[in-house]
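Provided herewith is a single structure, encoded as structure tokens, for subsequent inquiry.
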């Protein structure tokens, strides 16, 4: 119905998505948990929880803490490992018929390459999202975004191993996000996604203890939306490249703001925790917004901010 | 669909810090099992942001009413305490894994610490109605008398009922687990069900392990999603690794968990 | 009264402050506006609005916009200029008898040096706060925090011109705040203050326009508190240097959290807009907190987080 | 001390979007002058964060009551609209510079656009009571009838009263400034006082400049502090540079401002 009123299809680099509304890595598990709350088949795409080669236990708890209009998490890439993901998680997702984007994380360039090579062989994936921005691991993670040449090399190594479209997930914990986006594109990625979480911390003053066992965590939610929007806008202005925008998107109008700032698609993250139907609701609200504004195809919003 | 808008039917302040809320639900009351929880959105704005988990205290499937006991500890619970009848509340639930089927033999001991009494009241009620042959012995412990909210609800649903307070203001002076130790010795116990502070649960787990009695604990942990997707709510598992309180629990067999790490 | 119950005096490098509760630059004008809401004489110190050599008009409006638990501002260093500040603003402040810290901003190193030299001659100032982190100007501002050698040189040039204690106000818009703090100390500053605002943006989706005329602005308020705390903690762990912490402090417990993370003093910023009595209330709440925790001198909180 | 906790005495919905709130204040009502505003904290949490400025519609210094008219446009005004009698409201005020002393000669024309009527109602009342010789001609313009909230309050305090709506649903079809043009031509006008959308104010300023009639406008701008400290609420000044709406205004002589930049 909504598809009749507004053309939601978007082209994000080589990726053709039925709608610009994706769900962000790590906030939607491997999809199954939200099946009873959201029509998974109507999603623009699902970005999986980060996958590593070996299973990872993740960090000790407490792993989440609420802050003002935001939350901290220090999950630490807990996941059952590549083999189990391929055997047990991806079949369900691929069966859905929506674009499935697997988020991959490693400690070394070789690990990223292996992940890309193995996942490149899985039938039916839409793209890989190269997570070089996790703030919650001791090795790898966002450190890769702080060394431009290493980042370029990493993406190139992944590029060598697979024909799948590559999305590089950028860290906001950098002085300037543009060179990292550039390095990702130079390395052979077609799309950048941003932002991952910002390094943050909360303290229990009475017990004189950090609230998270990992001490610091990643900040997400409405609190970071202005930061995310500014970064999307900077990258769009500088590079005009395909961007998947995220960071505090809770409403259709939030999604529209990211598109206007230059994103070709967006992802809903923390919002799903607050309202499990968010991914679907935001999509419907975006359709309403477009109808109200006389926007016939959502593609015309991208980068159309007037400054 | 475990997501609905419930209505606050009434909200009664039962101590300075405890509020008993009755919610009118379409689905949750009919589906809830003892030990499960609902995940409640406490306000319409982005602050507070996340939902708050609350144990189901009891339900009336006929009228669709579902009760929760709220101990005010911070902003979210304060907002809940201030809800007026008629207010609408966005809830998810029932969620999680509740108390398992009781063993056919032996006394069933329920150990409640403070606001941990809520899921045990529901459990005692179901034991009474669905397992009429069971013998339920309940122990309610708290720092002082003022923290024994809803004790009558638990007492009324138990065959025996004992109280311990740390300052001796009600019942025995001491801890709930001190009484647990006594009854584990004296009775033939089929299983122990405990909910309360982590230290209490650890002590109960230890005592039960020593007495070779199955022990079940309802755990708490800060939560993101409440449905198993974010991996935020973990506690350490006995064999290494972690389990999620929201979907693997909140009720665990005590020997599923790593108590050494838990009480650090 | 409160002073009797808890010893609030703190030593921040060479600075002796009667209380660890200051007010942050740009959020308290030149003090006069808040005189009817707060006992200015009980403040630990006042950090003035940024002063430039020539008067500055600042950026066009709208200059502020509310975001979730935060606000964006793009004031752009509007101020009446050094001469007027010295002639008309500082006498009132100095008269108060509390430590007065003048926040200085320039477009070139020479301008900072001149500001330091001229203010060094003003009788009765407690310190200078070298603002190398304003996100709302086209030249100067936070760019200085992105070039470590330039930052060191800048601070050294300021150091050469004055004996006043130097506080360098650091930008959070960097990949790692520690090297910037180090550069500030190497340049001759005794104290670092952090954080200034984070680059952010808000969009009016209906009008397809940025909410701020300057397009981007600086994000402050409770939304950024987790980020600020993590940065204070990082600097404290790495350098154990005197830090003045700020970013979303709204309550006494917030202040305690910054002290525990390593700050020797803290500043209240955006909170003053929401509650004009904040600077005084936070101080009273901090005293209450200390009493409740059996803390006799606030100094013992600094860096005492248990990890 | 321009900071206090007021109490909502009543809150009446007068159109679908407009609410009239009466606040019981200790100081603000007694001190407020027409054209001044109060700066209101709309909720206890960090979202919404900043205060909202609202013009004083009238006061009763005797009882300490102060009225504001709220047009629901976003989250903050929605929360205000939902306030129940008895609710407590943290307010700062009265703040800012109100309407200046009227000239001794000539008709006084008040031009209200939509919710901009509020500070003009207060002004009309004071003109009536303190300047009984004055002749007050009020023009109330809005998009349609439903936006003419409180028109009777303005009409009752004016010697003449005219209405313009863009869709012609009430009064003349057209803009308030169309009527202003007519009366600037027809009357000997002492001064014009306008509050409403920026385009309306610009037009009023232009017409008055052409007719050499002093024009005063009450401006709006997003605010941080409300008391002149943050420099957030500026509008461009005629001579270059900026002036603050909160303390230099909200009322300005129209020729103090740079209208070319303002209507960009």
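Which chain is which? They are A, B, C and D, in the order written, and residues in each are numbered from 1.
Here is the rule we use: a contact is a pair of C-beta atoms (placed from the backbone, for glycine too) under 8 Å apart; a residue touches a chain by one contact, two chains touch by 3 or more.
It should be emphasised that the depicted structure is a prediction, and the values quoted were computed from it without experimental measurement.
Taking the definition of touch as given, a chain qualifies here only if it contacts subunit A and subunit B alike; those chains are C, D. Counted by C-beta pairs in contact, the busier of B-C and C-D is C-D.
Of all chains, the one whose Cα centroid sits at the greatest distance from that of subunit A is D.
We define each chain's centre as the mean of its Cα atoms; on that basis subunit B and subunit D are separated by 55 Å. Distance between subunit B and subunit C, defined via averaged C-alpha coordinates, is recorded as 46 Å.
If you average the CA atoms of subunit C and of subunit D, the two centres end up 36 Å from each other. Per-chain Cα centroids separate subunit A from subunit C by 34 Å. Of all residues in subunit D, those touching 2 or more other chains are 46-48, listed in ascending order. The set of subunit C residues touching two or more other chains comprises 68-70, 221-223.
Taken as a graph of touching chains, this assembly is complete, with every chain in contact with every other. Across the complex, subunit D is touched by residues 26-29, 33-34, 36-37, 49, 57-58, 60-66, 68-71, 73, 75, 78, 221-223, 250, 270, 272-277 of subunit C.
Note for the complex: subunit B touches subunit D at residues 43, 45-48, 75. Interface residues of subunit C facing subunit A in the complex, by the touch rule stated above, are 67-70, 72, 145-146, 173-176, 198-203, 205-210, 215-217, 219, 221-227, 229-230, 233, 248, 253, 256-257, 260-261, 289, 293, 304-307. Considering their complex, residues 1-3, 41, 46-51, 90, 92, 221-236, 240-242, 247, 261 of subunit B touch subunit A.
For subunit A in complex with subunit D, the touching residues are 68-69, 222.
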